[in-house]
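Shared between the two complexes below is chain A, which pairs with chain B and chain C, respectively.
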Partner chain A sequence: MRRTSICIGILFFILTDYAWMQNTGYDIMERALKRSSIKTMQADLKLVLETRTGDTREREIAFFSKTDPSTDLTKMLMKFVYPKDVRGTGFLTIEHADRADDRFLYLPALRQIKKIASSGSGGNFMSSDFTYYDIGTPELEDWTYRLLGEETRNRRLSFMIEALPKSQQVLDETGYSKIIRWVDQTDLSMFHSEYYDKSGELKKKLDVEKFTLINGVPFATDMVMQDVIIEHTSRMTFEDLEIDIPISDDFFTPRYLQREQ
Partner chain B sequence: MMQRFNEFVLRFPKSFILAIAIITLGMGYASRSIRMEPDVTQALPQKIPAKRLYDKMGEIFPSKEFVFVGLSGTNLFLPAHLQTVWDLTNKLEHDSAVYSVISPTNISVIQGTSEGMEVHDILASAPNTDDQIAKFKHDLLNSDLALGNLLAKDESAFGIMIFLKNTADVKEYIKDLIPAMDQFDQKTDLDLLLTGKPILNYYVSLGMQRDMAVFFMSGIGIIFILLAFIFRNLRGIFLPLSVVIFAVIWTMGAMAILGRPMSHATEIMPILIMAIAVADSIHIISHFYHHVSLTPDPVARTITRATMTEMLSPVVMTSLTTMAGFLALGTVGAESISELGYFTAFGVFSALIISITWIPAFLAILKIPKRYRGKESRRHAADWVEKWGFFLVRRQKWLMPFIVLMTLFSIWGISRLQHSFSSVENFPVDHPVRFANEIVNEHFAGTTSFDIMIEGREPGDMKDPVLLSQLDELKQLALKIDHVGSVQSLADFIKRINKVLHADDPAFYTIPPIEARVTGSEWVEKNGGWVEVSKEYTVSGEELVAQYLQLFEMSGKPQDMSNLVDYPYRHAKVSIMINSDKQSTLRAIDQELTTYINENMNRNENISAAITGMAKLFLVVDDLIVKGQIWSILTSLLLVWVITWAMFRSPTVGLFNTIPLFFALFLNFAFMGFAGINLNLETLTISSIAIGVGVDYAIHFVHRYRIKLREGLDFDAAVPATMREAGLAIFFNSITVAAGFSIIAMSQFVAIMEMGVLITLTMLTAAFGALTILPGVFLTFKPKSLAR
Partner chain C sequence: MLRILTGGLILLGLTFSGVRGELDIAGRLKTFSAINPNDVYRWDKLYSQVQLNFSGRTGDRVGYRADFVARYDYLSDQGATAPRSTGLAIYPAEMYLDYYGKWLDVRIGQQYLFWGRADWVNPTDVFNPWDYTNMSSDIEDYRIPIPAVKASIYPVWGHLEVIYAPRLIPDKLPVPFSPSVADNRLAMGQSGVRFARDLSIVGWSVYGYHGWRKKAELEETILTSDDRIVQVFRFHSLDMVGADFIFTGEKWAFKGEGSFNFSDDRSGDNPTIINDNFFGTFGGDWIPNDKFSLNLQGSVRHYFNYDKASESQRLLQLNLQHFIPVYETTGYSVSNVIRYKVTNFINLQSVAVLNLADRDWFWLPFLSWEMADATHLTLGGLFFDGPTGSDFGNSAGADEVFLQLSTSF
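And then the complex of A and B:
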């Protein structure tokens, strides 16, 4: 699996004063993706999935992650808080540099930890419209960029940047043949993205509806991803987001997964 | 009043011509937006619970229709063939009309391992090596999925199911799919077959377009020839022809304005209107020429006035009775049949309006050609009909035994009558759809389905282990019934996950009980370290189910499940594939399922379960056919009786008019019984049409016979006299209408073709009844009410 730092990487950026000397797509994306390295993160994550007919499914998940700054490898632990009948169900993912990720599952009803072996891209995050790739930091160098122009969208003057996969591997792993991103010219926030599938059709649209400043860094804390093909929407909201608080390595072990919280 | 109407038309003939022309142009413009609706089940009214449930199912679940693609060949598990299936699956998945594609190459494999579980797509790319192929085959056969529609029983074919979104423009999708599949077929050694309801509907729609074009063109052709033969002049041809074409245009315009589509039933409407409408114009124009021939120095306006004075009343009356017959189709309860009734009645009414304005207006302003003056024809034919009258009088003792014999013979035939509705069998035997359907039904789980909708009172009700066990029990029960190809429900997913989480132990391929004992583990601190110790627990089955579902949501394909349970877990669906569309088979399955549901699920007051799905709707259509048949016959007879009662001012005389109809109907059903023609939606319409149109012959006969009795002739002498004056008109009228209706037999659809044969036959027997049975009854019983 491609190295993706799963710490909601694309969704935050640094506010800096830029002198717009040269606005190539690559430059803009480079600046937009540049960020301070985050070591740990903790949040209450709320997922609302909605079908075309308006049926919804709500999930609340306690989310923890820790990234080793030297290797850029991430450990991530998630525990269901709501709904009640799945409360305590947990997932633990540990990235390795040289082999496939370790993934563990804990079902409180079975009181057993199961190791999940999976191949492929890992698919969608918690059966939402966000893929693991979508919520990870995109590798700047995986894509070639082109500045399509400027557009005022949602009353924000923005750059429209097209990203095309550099290799077949990137295409296969992400499933995207093209991504168009709208980057705000004042704060470089990527507040809207459109994803095209392998056949070149528009597949999904992402809207960031809220940014929250944490330690001076704005995070996308409310996002809506809409799959235009299956007409399905996922809203992901972060509450009580905390950055770089100390979390012990012990926390990211199967034993902790099983512990009542 | 009728006289005043005639005067009004004759005073402003040009205005009437202009008005009719303008209305026709307007209706013609409106009719361009008319739609086609090939789906028979769309014709079911909302008051039928199974239909309501079917529509509700479409709102709750994202996809209810699928196209089935079969790929057959020898030795399927070859790299080239698997590449084909892989490519085709990828191609099919990328279409905005498609909700999901279920193919042997794209399923997810979830397997238990000693440490936990393994989740992966069955293939990452098309398999090439022997090892890859062997693994693929192993994974496919051991996936615990309902394989019935993915791999033929004898491994002679793969199957791909394309689930279409309920919001998709299915017709457009199919229109593009068929040529794309043909192209694909040529590139591969595998044979491609397409079937499923959307495909059937598409071909029905093509057949309808073809039929309507054929009907219309042949209708015009036959009417043209007939008119040329009868009148041998331009106005005799083009006036009636314009009446029938205008009446059809008005009706199509009215349908378009009301937003009603042409359906499998209404496709015969234009030809019905044409055949019926032409008769009135022929009557009017032949009377006109009859008057011309009798008048030494004819003036067009005067002759027209005389003609219309005589003809307006019978034309209006016969149109009214015809309309009554068609309106009675409204009682059938299938919307397309009701619409056929209403709109044909409207067409007949339009024809009436046009006949009594457009025709006299033209006749009044056109000059009468010299060659028609003082010429009376057809005396020879009238002699023959008169002779038939004398024959009946001579042999009157034989008539009653003949009637009794015919009746007994008919009852014998009727007792052999069957009813059946099958959309596939409606196609010609050599149609590709029929072939594909046969192959698919033989090798796969089937393309017709019963769907059981289960509705809970609260969100989450579908997670109840008791209910899930019942779903599983229902599956086992259903699979024992003949022609049940596969059953899929939420229970399958729970069982699968339960097994996977117990290291693939087949003993756990079950629904967890209400209270489950599980062996779990606990971490305890020991000697300063943490160790895991095994411990037994009791957990609620409901909690287990909830967590299994959560796990499946995250590891499988959400689309796999979303067609079986909704998001709030309040509605679930059991999908039962049937590889037959025989009524008797479907009915037997329906009964077993209903019994199980009512004795189990519906005992729980929080749950309500009911059956719907295409198979159920087919049964409902069939029920309507039988019930609708009886009702429409009774209603049309009653309407006709009331109208003729009012016309002849006598209930008894009114009743006489229905006698030839009984005769015609008896013979029709007997013929169907002997010929093995099933009662179905199309043949259902015959009785009402026969009654509405056929009563005209009786009316003409009774009307004239009464005049003859009043003129002082006795019952015997009145028969040949009536024959001479009315018999020929009845004979020609029935030949005309029968010729028109016989065009329907040119349909591509078996049921409509049969209907065309039957309706033609019925027109002839109704006329025969009026010219034989009716005089027979009068001669035998000599009813006094006639002479009054």
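And then the complex of A and C:
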């Protein structure tokens, strides 16, 4: 089943069309999401995980993705670079429109590629506070939107948009009963979001701390997700980000997962 | 010869790629200590080892990897698993060259070759021997790499793997089950072929293998003129055809694997040689959330042309009844792997296998704490039991409680 397009959708929420005065929450979200037209992406992704006691661990991942514009389906390949004990671990996800994603894991210790359960979009991304859903492009039609009002936050005049899951399936897959997004009225970038769990409690907060202009489009390249229940935070940063570079389809196959370098 | 040739080629690769700045050096430092609660010498293992990995590429077509292990064992031969090498030992682990073609990849050299999609019980996993004297939470400790050539061919409709290993390297068993064998293992090659395809939510493979059992079988006992009993062991051939599959969903996976194994004793008349048999396993993974996963498998082994009563009678006639176990015609076993993430940086894992026929079992629980990036402290236990001659009964008494500290760099 197609759920999320995993080409780092949180990077895309920018609009240059300022005819927002008559917008509903749906209109704003629709325009924001339609900006996401990236075909390929390559980046060094860094994750810093921090517990409530201040204990931190770092992860560094070589990240590649490719989206078919005709189907909006994405292939993603990741290789762990750091820490060194998991270096070479590879992870390949291939989205499908009509069934669960294919997921392949290469564990260097086993010298073997394993086809694994897709585990759903609500699963945590690399043990961080980001889920696969959080880092994917949200499916516009999976949610109903309501404009809650305006608020100045971080010195940015913004819309507050509430998103509610349209179906039980969306609720089950994402684990979110509600998401509230703060959208900048100037450029419609989504710089803050709050995620509520199935019981309606505030679960996580996302802050985008840095946008980087690449090929004329601003991307969120530094963001912090905080789990307010277990008081755990994850910072995700993108370095050496390149978009729409040629990457062969052959690269997104299990064969390439096991190559040493 | 193959090892020397590969080593030479890798050294050449290291030299050239080092000059061109493509050489990558990594490593792992580990200290392992274990006590054996059943042994009069409680300190069973205490060693430190450093593993250095050299890898890189020369151009787009050729890659290489060479791992060297230097281990210093602090204990003299005294534990249940003695004799082990003591003092300093330096040896290569994996050492191979890779060629990457358009539709063909070739790996030549000392390498791991793991077959099968099931977990822990793999009927088709016949190439790499086991080191039962060095069981730990690291697969590189308890599996032994072998010199081999592997060609992986990638047509659009699947993946074909062809393997040739020129010599037999047997399982390493605790004394007194590691006999010296007179067979010329250099002339005992192994070869295999595997075709795999992942189609939609189903992945499957078929296998063929011609080679040898990794455990020598007792052939006869001889009473010498000076009243010593000499046991004669011999390796026997193994031909295997097998298949596996995996069927994946959102939070689960079903998997199965089976093999028909053909031995030297096709008629089933020779009690010292294992009979032809079928070995199959079926089970699945359940992953309800990110913290917990459960793997459960059931396995069956059925011997053909086998009669337990007549087998016992023949062993009695050969005076081998105390040395060779008599199996049930059909034996069952169960295994499970449980993984639980206690916190973000602490993981608990338990692996257990129970053979129902012989009641022999193996259990490996361990707790691993990621103390810092790439640094782990692991506390675990390793327990065996079962009748002599059974798979895990051979290691009964070699139980361990271990503590391991490792860091990668």
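The criterion applied here is as follows: the second predicted complex is superposed on the first by the 246 of 261 C-alpha atoms of A that agree within 3 Å, B and C clash if a C-alpha of one lies under 4 Å from a C-alpha of the other, contacts with A are read in each partner's own complex, and residues count from 1 in each chain.
Going forward, contacts are C-beta pairs under 8 Å (C-beta built on N, C-alpha and C of every residue); 3 or more make two chains touch, one makes a residue touch a chain.
If you're wondering where the values come from, they're calculated on a predicted model, not measured in any experiment.
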TODO: Kindly say whether there is room for both chain B and chain C on chain A in the superposition, answering fit or clash.
DONE: clash
Open item on the list: On the A-aligned overlay, A:D102 touches which partner chain: chain B = first, chain C = second, or both, or neither?
Closed with: second
Open item on the list: Let me test your reading of the model: by the given contact rule, A:I116 touches which partner, first (chain B), second (chain C), both or neither?
Closed with: both
TODO: Check the residue A:D55 against both partner chains and state whether it touches chain B (first), chain C (second), both, or neither.
DONE: both
Open item on the list: Applying the document's definition of touch, where does A:Y82 land relative to chain B and chain C: first, second, both, or neither?
Closed with: second
Task: Partner chain in contact with A:K198 - chain B first, chain C second, else both or neither - done: first
Open item on the list: Looking at A:E231 after the superposition, I want to know if it touches chain B, chain C, both of them or none. Which is it: first, second, both, neither?
Closed with: first
Task: Among 40-48, 58-66, 112-120 or 274-282 on chain C, the segment whose C-alpha atoms clash with chain B after superposition - done: 112-120
- [ ] Touching chain B in one complex and chain C in the other: list those residues of chain A.
- [x] 49, 51, 55, 57, 83, 85-86, 109-112, 114-120, 124, 127, 255, 259
Open item on the list: Considering only the defined contacts, which chain A positions touch chain B in the complex?
Closed with: 49, 51-53, 55-57, 80, 83, 85-86, 89, 104-105, 107-120, 124, 126-127, 197-199, 201, 229-231, 255, 258-259
Open item on the list: Which residues of chain C touch chain A once you look at their complex with the stated criterion?
Closed with: 24, 26, 28, 55-57, 63, 65, 98, 100, 105, 111-114, 117, 138-140, 152, 154, 159, 198, 200-201, 203, 246, 248-253, 285, 287, 289-290, 341, 343-345, 370, 372-376, 406-409
Task: Contact footprint of chain A on chain B as seen in their complex - done: 59-60, 62, 90, 94, 96, 99, 113, 115-121, 124, 165, 167, 460, 463, 501, 518, 520-523, 530, 532, 535, 537, 539-540, 542-544, 546-548, 550-551, 553-555, 558-559, 562, 566-568
- [ ] Could you pull out which chain A residues touch chain C in their complex?
- [x] 49, 51, 55, 57-58, 82-87, 99-100, 102-103, 109-112, 114-120, 123-124, 127, 232, 254-255, 259-261
